[in-house]
Structures are given as C-alpha cells and as structure tokens.
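Data first, discussion second: the structure below is written as structure tokens.
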Amino acid sequence: MKKRDRDAKLKVAVVGASGYAGLELLRILAGHPSARVVLATSDSLAGKKARDVFPHLAPLPELTFRPHGAAAEFGAADVFFTALPHGESFPLIEPLLRSARVIDLSADYRLKNPADYEKWYGFRHPLPALLERSVYGLTEMNRDAVRKAALVANPGCYPTGALLAIAPLANLKGLKTAEFIVDAKSGYTGAGRKREERLLLAEARNEFTAYRVTRHQHCAELLQEAARIFGRRTRIAFTPHLAPVSRGILSTVYARVRKPDEDHAREAFAAFYRGEPFVRVCARGEVPGVRDVAGTNVCSIGVFADADNSLLKIITAIDNLGKGAAGQAVHNMNLMFGLDETAGLNLPGFVP
Amino acid sequence: MKKRDRDAKLKVAVVGASGYAGLELLRILAGHPSARVVLATSDSLAGKKARDVFPHLAPLPELTFRPHGAAAEFGAADVFFTALPHGESFPLIEPLLRSARVIDLSADYRLKNPADYEKWYGFRHPLPALLERSVYGLTEMNRDAVRKAALVANPGCYPTGALLAIAPLANLKGLKTAEFIVDAKSGYTGAGRKREERLLLAEARNEFTAYRVTRHQHCAELLQEAARIFGRRTRIAFTPHLAPVSRGILSTVYARVRKPDEDHAREAFAAFYRGEPFVRVCARGEVPGVRDVAGTNVCSIGVFADADNSLLKIITAIDNLGKGAAGQAVHNMNLMFGLDETAGLNLPGFVP
Amino acid sequence: MKKRDRDAKLKVAVVGASGYAGLELLRILAGHPSARVVLATSDSLAGKKARDVFPHLAPLPELTFRPHGAAAEFGAADVFFTALPHGESFPLIEPLLRSARVIDLSADYRLKNPADYEKWYGFRHPLPALLERSVYGLTEMNRDAVRKAALVANPGCYPTGALLAIAPLANLKGLKTAEFIVDAKSGYTGAGRKREERLLLAEARNEFTAYRVTRHQHCAELLQEAARIFGRRTRIAFTPHLAPVSRGILSTVYARVRKPDEDHAREAFAAFYRGEPFVRVCARGEVPGVRDVAGTNVCSIGVFADADNSLLKIITAIDNLGKGAAGQAVHNMNLMFGLDETAGLNLPGFVP
Amino acid sequence: MKKRDRDAKLKVAVVGASGYAGLELLRILAGHPSARVVLATSDSLAGKKARDVFPHLAPLPELTFRPHGAAAEFGAADVFFTALPHGESFPLIEPLLRSARVIDLSADYRLKNPADYEKWYGFRHPLPALLERSVYGLTEMNRDAVRKAALVANPGCYPTGALLAIAPLANLKGLKTAEFIVDAKSGYTGAGRKREERLLLAEARNEFTAYRVTRHQHCAELLQEAARIFGRRTRIAFTPHLAPVSRGILSTVYARVRKPDEDHAREAFAAFYRGEPFVRVCARGEVPGVRDVAGTNVCSIGVFADADNSLLKIITAIDNLGKGAAGQAVHNMNLMFGLDETAGLNLPGFVP
C-alpha cells in the first residue's frame, strides 16, 4: 500500500459509478473536504461527462466516466469503492488490492463461510481467501477492524437497519430469547435501476406489497453478524416490503422480553450508541420516519415497549442509499484513512 | 321495522356522506342494482348538489346534501349507513332504529363491554344497551347474525385485515400459542380528511413511518373479536404504519407454529374461506398487494411458511375504504335485506 | 356483417388485452349490461386466466387469454377492439372486417392521407384503402358517421383532450386566428407499460418534464381533425409533458380572441356540448382536474378569459385510458350497435 | 451598517425559519463556509431545538428557535433573511435595517409602485419609501445593484423561472412582439405548509390541475421586471398548475418569432448567460426537468424551435425552494458581502 501525504486529498475511485449507490457516492464525495474523485467508471456511459448525463452532479464539472476496465490499470487511487452488481468485481478485486484499499458495496465479500454463497446466492465463490481478509463494515460494530482493513465489505441496506436495532438487545436484561422478527419496508431505489415491469411508476405508485417473503438473500449476513454480536446463534424472521417512496428503509423489529420497560430500554439504547455520530435514539414519543434521514448517514432509532404482549418494538429508519450504502461506505473510508469520522457526512437531510 | 316490497329498490340513507367512507358508499351505491340513495347528509355541504362538489359522482345527478339533522326526521329509508366521526351518532341512532336498520361505520357500537370505551376511547358510552344489540359486521365470521341484525357495527379497517388473517389459524394444527404480531401498513385515506400538517402531500409523500406504536384504539375490537373466534383470550401486538398511497391496508401477520407447512396452511385457509365471494387465497408464490384490491370489496390473502423461524406469515391486502369500510358495509346491507350477497360489489378494481 | 339478435348480448373481442388500454377495456366491459367479452388476446399471457394475472379483474372469472392469432380464426364476435401497438394490426384487420366491426385504438387508421404515415410515423401504410373507410371516432364530432362505420379509428389521448377544447371555438365570435397553443400534461400510463429507465418509479416520481417538445406524432391527427372542424387549415403548437400521476391528461389551450368574455365563451361551450352525456362544462370558478375524471369517460372543460392578454384559456381534463382510449371506444361501440350511448359508461370516478 | 471582520464568519439570522423557505435557508446555511446562523425565529416553535423538531437539521445541533420578536432586539447579525408570510415583516423591517442588511423572501418589497399592492394584493403598503430602496434580487439581472443593496426583495418562485426564460429574448432577432405565454407547473411546497384540504396527500396525489387561471399575484412582479428588461411594456399570460411532486417549477414559455432557428436561439441564450454559475443551457435534444435541479440553485433552460407555428418554446426548471427562494437568497447574500458567489451553493442535487 502506498504512502500518502497526509495533507493531500485522498484520491478516490468509484467503480460502477452510474448505479444508484455509485451516484450517491459521487454526490457525497463531491462535498468531501479531504477526498477527490479521480476515477468513476461505467461501461454504459464511458466517455460521457458525468454532469451531462446527470445534471445534478454539476459540482463535479470535470468528471468523465471511463469503462470499468480502466480501474484495473489505474494505479493512482488510494481507495476504490466497488459498486458493481453482485459477482462482477471478482476479476478486479485482487489487482486493486495490490496498490490500494477497497470498499466493496456488493454482497461479494460479506459472508465468511464460502458455503453460504452457494446456499444463498447460488454460486461457488471464486476467491474464498478474500472472505477471511474482508471486514464487515457495519461501522458502529466493527470500528477498529475497519480502521485496519484493506478490504471492507460494506453491509447491505436491510442488514444495516436490522442490526442496528438488534445489537443493543444482546446485553439487555429481560430478553427472553435471541429470536427476532424484522418487518422491513424499503423505497424503490433499493431495487436498483432495473428495467422491470413491476418497478415502473405506473405499476408501482399505488402499490404496497411484500416480496421474497420467506427467503431474502440478505438473511445470510443478518444471521452471520447477529451471531457475532450475540456470541451465539440467533433466529431472525425477515420480511421485506416495497413502499412507493424513493429512498428509505423502515425496519420494525419485534423482540420478546420479560416485563418490557420502555424508558429503561431507551436508555440502554442511548448508552449503547453514546458518542456515535450517526445514530440517533429518539426521545419518548417520537417515531422515526424515513423522510428525516433521506440524504443523510443517520440511523434514527425508536424504542417502544408493548407490555401487554411482552414485546419491545424497535424501529429504525435509514436512507438505503445513505447509511444503507454510500454514506456508510464513506464513513468507513474516513476511518480507514484516519480522517475525521464525520468528514463529508455532516449533511442536512433533504426535507421537505 | 317496515315491510318492504321485494321488487322495489331498497331506500338507502348515508349519514355523513362527505367523508371518505361516505363518499365510497355513494360510489358503490350509485351502481347497486337493488338500492337507491334517498338521503345523503353533510353539515358542511348541506344544500349543494353532490355532483357539483364531487364531479366523480356524476352518476348520481339528482343527489343533494342535506344536514345531518335531516336524518332524524327522515322516515322513508329502509337502511341508514351512519359514517360520522366517533361519538357523533349517539343522538341519532335510537330514532333511526325505530323505523329502519342501521349500519354504523364508526367504532361506537363495536365493543361489547362499555368499560372498553372508557379504557380505549376515553369516554363513558351513553347507550350501553345498544352494545348488546349490535352485531359486529365482519361478514365472513358473523353472516347469520348480520342477516337478522337491526344494528350492525361495521368493523374497523385495521381489524378487518388482521382478523381475516388470524381467523383460520384458530383450528390450525401446530399453532403454538394464540399470540400474534400484526404489522399493518395503511394508505392516507385511512387517516380521514383531517387538516393536519403531517397529512399534507408536501410532508407525507417522501415519508414512511409508524404511529401509535404501543396503543392504537383498534386493538380493542381486535382482541374482542379474536377472543370470540378462538374461544379464549389471545394476545395481539399491533403496529400501524402509514405509506404514501391513497388506499389500502397491507397486514403482515406472524404466528408461531410447530413445523410450518406452507401448502397445508394455504389449503387450510382456502378451505376456511371456501365459497366466500370476497376472500381470495393467493396461489403459491403470489404475494398480495394493495393495488389489486383498490376499489373492490376483496381481501387477498397470502400464506407463507418460514420453517427456520417456526413461523407462518400471513399477509392480507384490503382497500381500507372498500372491504375495510364501505364495501363491507354494503355487503352487510345485502345480507340484512336478503339481496344477492355480491349485488353492487362485483366491481373490477382500479388498475393501473 | 352478421345479423345480431337484439336481445342477446353483444359478443366482444379485445385483441391486445394486456396493455393498459386493453385492461381498461376489460374493466369497463366487465360491467357492461349489453356486452360480453368472448375473446381477449395477449401473446405474452396466452393460456393464463385473466383474474390470475390481474386480480382486479375478478368479475371476469372465466376469461382466459389467447394468442393474438386466435382473433383471425375467431368468427363469433360482433365487434373487435384492436389495441395492439402501432403497426401490428395490419395482418389482422381485413379478415376481422369480413365478419365483424372493428374499433382500433392505435394510430393505424386515423390519418386520411397515406403520406402522413410516412411523414409522422416513418412507414409506408400497407392498407391505404382502409384509410378511406375508417371513421375518426371522436364521438362528439362524428356521431353519425360512427354509427354506420365498419372500422372506427379511436382517437389518440392527446388529440381527444385538445380537440374537445378547440372544437367549440370554430364558430366563436371574436376568434382572431385559428392558431392555438396546447400545453398538455399526461400521467404515466400514457407511456404504456414499456420497460424504459425513464419510466421507473425511482426515476420518475420526483420528475416533471416535457418531451418531444417540437414534434409529437399526435400532431398529425390533431391538425387533420382540427382542419375538418374549422373547415380550413389551423395551426396548433403542441407540447406534451409527463407528471407523476397514473392517469389523466390536462390540456391547457390558449386561443387569441378579441375582447374575451368569459361568461359568453362558457355559454358557447355549454351550448356546443348540450346533451352530450360525457362532456361537462365547469361552472364559473371551477377548474378541471384529472383526479375527478379518473376511471370515467368524462371530459371536464373549464373556460377562462384573460382580458389583459386577449386570450381565452380552455382547460380540459380526461382520463387518458378512459375518454382518451377505452371509454371512448366503448362509447363508439354503443353507437355502432344502437345501444344506449351511456351503457356501461355511467360509472362514478375513482376518488379519493 | 457595522464593519465586519473579513475573516470572521458572517452572522446570519433567519426570521420565519420554520416555513419551507426558512427551513431550506437553514439547510443551505448549515454548510456555508463563510456564514453562521446566529438566530432562527419561529413563534410556534420558540424554545425548541431545531434538530429535535426537524431531525434533518442535525448539522445545526445548537440552534434553538426564538420568537419572531427576538429579531427586533437582535443586534448581532450582519444579515437578516425575513421569510415571513406576506405582510408580516412590516413592523420588523425598519429596526432591522438600522443595523444590518435584509433579504426579504416575501412579496412585500418587490413591487415599485405602491398602487400595485392595492391592485394585486389588496392592501395599502405601509412603508412605500422602502419600495424605492429595495433591489429586486433576480441575481443574474441585477447583480450590481444587489451588491450595494441594504434591502433585497428576493423574487417569487414563478417569476424567477419565467423571467430567466424571457430575458434573453429581449434582444433576440426575429421576436415578433413582447407577448409571452407562461404555462407553469409547480410542486406542492410552493403552496407552503398550509393546513388546507386540497393540499392533503389523499386529495392531491392523483390530482393535476390549474389554479388562479386568470389572475395570480405573481403577475405583478413578472410584468414589472419584464418591462425593465425589455425597456417597454410586455404582455405575459400566466397559468399556474400544481403537480404532485414536492419541489420544482417547470415553466413552458411560448414566444412568437419569425423563422425560429433553434441553434441560433440556443446560442443566444448560452451567450446571454455565459459565466453565470447557476444557469445551465441544455444541449440540443435535452429537455430540462425539475428532478435534476431539486436541492440546487440551478436554473436549467431548454430552447426549442417550432417552425410550423413560428414559435420558440423556452422551458426552464428550478427548485422553487432553491433558485426560487432560499438558494437565490443566499446567492444574493454572497454578493452583498463580497463572498465567493457560489459559496455554500455548489451542492449536488438530490437524485434519485
């Protein structure tokens, strides 16, 4: 890994820059005080100026897309964000790691057990050695490991919202069992920019529905990381839904506890996340919503006790493209390079 | 109660006709082959022609709103739909019942125990004797009682979606306990036409959130009716959410079962609802959504087994203004007057 | 053309039944008192039950899609609605016309001059003789010709909204020139169910934009029909826009007049459309909107005078799938077969 | 006016900070490198922390709302943004101007002729002397005057979009008359956070309509400023519409020209706005849309020739809260205090 002049700006490459997560990386990095985008790749848009195709990127007036292949020959970046579809970064990843650090936004390096890729994603992982090296970049849980990582596997959007709800429960007095129900609701950017009929505005704007009700591939990392946090196997029932908003995941999590005490539980959450710059535990009576975190790296958490049912209800709201993807990735970059953790991320949200 | 010429059209009055449920009653009744709207009341719009204020009601060209008070003097109707805000029908209800049958769409006659009104709604019920006479109009469960009822308490929108999901579980082999989690998502017509900031388009269109997370007044009837169906006390944790669609409630219900078997459970649901004209059990792989039931009286049900978590997930979709209010009310009217059950309700939904 | 028993229901076939216009035809015909759908074709869904793929079509429980080719062999229908993409009905149309009447919802038989197809659509029309036989089915303008037509070319959605605004101006005193500006705004069903990136919910829900600003193919029929109505050549500047609603076209039309008098102009419009069951001239102060006509065959018209600018502003609202497609097509069918004009079309709109 | 240390940050007060324009000012100022918010007033939220009421303002952790009255006693600010409803700043404005400069976002100081307030707003202006002193802050037109102004009247959202479309036409060869049609479409934040029925999500999300079709108060400033730009009286027909998006105004402007030449006109626009940091003239074939400018201070302009109709069509897109309000206001502030014009405003837009 190259030495880097601490005063110079970090040189950043975004591989797969024209998908929703890639665009959000560019949007955040455009205002980052200590980083500079030196490469953005997109096979379909190669040769085009970013601002011509995406006028909202006017603050990056000189950026021109190059083909993905350019990443491999590219030696000048300190860090690569790889935001390619699952499976497509395999040919690139080892060359990149020779000269730089990598933050990957796909699922390709998140699972520790290669067999899980066969079970959940249906393919044999070609680079199992990398799975040992990669660090699961749920920043609040793995801060120290992220600092030293050469390869960070940035968490999935659903697991981010769910794990931040579940983690403080591990040591909560009164938890009956490590069994949770996660009822998650996502906006449509979570489905990516796929040309599918069900994603058309005319099909989707009056729709609210669930999908992959019994088996979503994000369960794999959810279970893996929950087991690490709890120090034992957990059971998590997960149901993803789609709501006709652009951004946001609201996760409503149910946990069985003996004599649930809302104030006590809220304080436990507040204590657990004390000092975290991007986790906000709501005051009594406030319910998190996806609107207030849109465009930010914030996870907003509400803690509620349902005494009649011996349940805690934990509700988290994140921006699936922010804390659930690009925001968390930049947070990880900041840690990896010893920058101020909040650099470039202390952005007001987009309301109304 | 008056005799009615079986060949003549039923004379119908809608009290509180300018709210969302009232308007939907007019929309349905406009096409009902055996009913005729003879009175529609609205204090705020009294004296105005319905079609002038609501151009979509053009098929009722002669209808003019009258003040609510007109209902009390009105002797010519066979049936009154009362769709006033909770608490406002009390002065009217007894005079109306002297000469006609009543289907009330508020919560005012749903709870059997007067004490529940103090607990859940915060007022002392002024007419407790009516609570004994009223029939809870969840049509599929109480068909025979509805037929003979003078006063039907039309179910709330959330309880309708939840109870139709839960009822078939009462006799399902393998159910561990009568404990359920109901994670419900509603469109904004469910909040009524209140002039509240949070309901403005500019506030709500990018929002997805929960509300009344630990205590929603609909829990009262939910628990009451579930106890009746199960023959014992049940526990139901209920979390309502708001999604930026106009119509629809999607209820995702979690039930703990031993060795969940999806096909077996689906067949049990299909058997339970066999012959029901307005319940549709989805085929394997199909997930219900609110779009396909918008504008209809249909409840669409999906049954899913999550073996890893010993759960059945039951998902129901209804139109909160249709099956969750006006549609079910008309269904009850058809039963009460010996009409074809589906009269006026066999409508295609509004897609796309 | 076959004789038809006047008491029997009309036998109707919908060719191209799974597109948005085709689905709307099925939705309307499901409730038509004098018509019965005997064939619905869709190559992609052939063999599937309509209600399984489109649950909102539950009132057509027996309908099964057949391939388009089935139409050609199909002799039992009295009338065929052809709702195929432009150009695809050519092989079918002549066989169908041998035994039945046809209402075509594409642009293929709307233009009288074959050269216009080369100019506006870029192809040589293979059946120019049919262009002479076809009747442009703007019902209010061509009622008598429609009655006798074997082949009706159902108007485009944009031309319907624009021509109904312009037609009454032909004899209006004070009109300076037959030059008009039509600024039209359409919902996304107008773009059909194409799998294009720009039509995705995540792309479109925050967007409002124009398209084909200087040349939209609908100009061809707009100019052709306006010339017929005015008895001379007119000039019409047309700008289509897309708004993130599902249904509806709002057309704001500007016409230069000497001393515009709003009441006089409104009365002229009211007189022009007197007796028309599906045109509604708004009262003073009321502005038409697309919501109130959604799901109906109604065209709502507002007439406004801008004295400072010597302009009349005419605003029309239609449902692009209703009056702009399927509703008008069924209206034409009713005329062609001597049915009550409003049969099956006197439907309340879908509000809220 | 106080001297200010050029190295210190500008001290900024926002009076009326909880309306949509006020919130957008806070959002922008939170990231401004040379300004610091020292006061934010809101009568309804006085005493509350901004971040508690508006979680998206987390980057302003210490800001607490104070009552409007606090502004009058407040001597420490260099500049006041007054974003109160029309008419409410009158008691405050003179005291503020004694010690600071003011940028007012209402219409109260935009019109030069006091009689226009009686004609268009229905009240007698109490401070006519201020009308002479105020500078109409359409930045691109009045840059030099803004620099020296003590009181800037920030333009209305509609006039901003319309005037930027019209201004370059003043010297365009071939313009027939200074008569224009402006067909404008706005999102719902343009209506403010009023608790009106028509603004509810359930009422508005399927609606597209026009309003104040013949007389919108923004016409007054539109005509006043167009006359200044053209050096003579112009005629502008203006029709505002509401589309169910949150932010954005799309203005479609029609101008009659002899032999319209699109490339020539586009080049004239590009020349006119050369060097302007926040005006973007689209390349041939690109159509501006409101999405790409949401959250920015950019005005995107498309120029199109309609030769058949002897028209130029100019389409502008702005964010009504950005370039149409808070963005332009900060731009003016930058000019008034000799800061980099783009300071705090070089933000990427909010896509998707």
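Letters A, B, C and D mark the chains as written, and numbering starts fresh at 1 in each.
Throughout what follows, contacts are C-beta pairs under 8 Å (C-beta built on N, C-alpha and C of every residue); 3 or more make two chains touch, one makes a residue touch a chain.
Model, not experiment: these values are computed from the prediction.
A repeat of the A-D interface exists among A-C, B-C or A-B. It is B-C, with more than half of its contact pairs matching by residue number. Here B-C and B-D were compared by C-beta pairs in contact; the pair with more is B-C. If each chain is reduced to the centroid of its CA atoms, subunit B and subunit D end up 47 Å from each other.
Distance from the subunit C centre to the subunit D centre is 40 Å, each centre being the mean of its Cα atoms.
In whole angstrom, the spacing between the mean C-alpha positions of subunit B and subunit C is 36. In subunit A, the residues that touch at least two other chains are 20, 187, 189, 202-203, 205-206, 244, 246-247, 291, 294, 351-352. Only residues 20, 187-189, 191, 193-197, 199-206, 244, 246 of subunit B touch subunit D when the two sit together in their complex.
Of all residues in subunit A, those touching subunit B in their complex are 179, 181, 183, 185, 187, 202-203, 205-211, 213-214, 235-237, 239, 241, 243-248, 250, 252, 254, 262, 287-291, 294, 302, 304-306, 308-309, 311, 313, 315, 317, 351-352.
Of all residues in subunit D, those touching subunit A in their complex are 20, 23, 26-27, 30-31, 52, 54-60, 189, 246-247, 280, 283, 291-296, 298, 300, 346-352.
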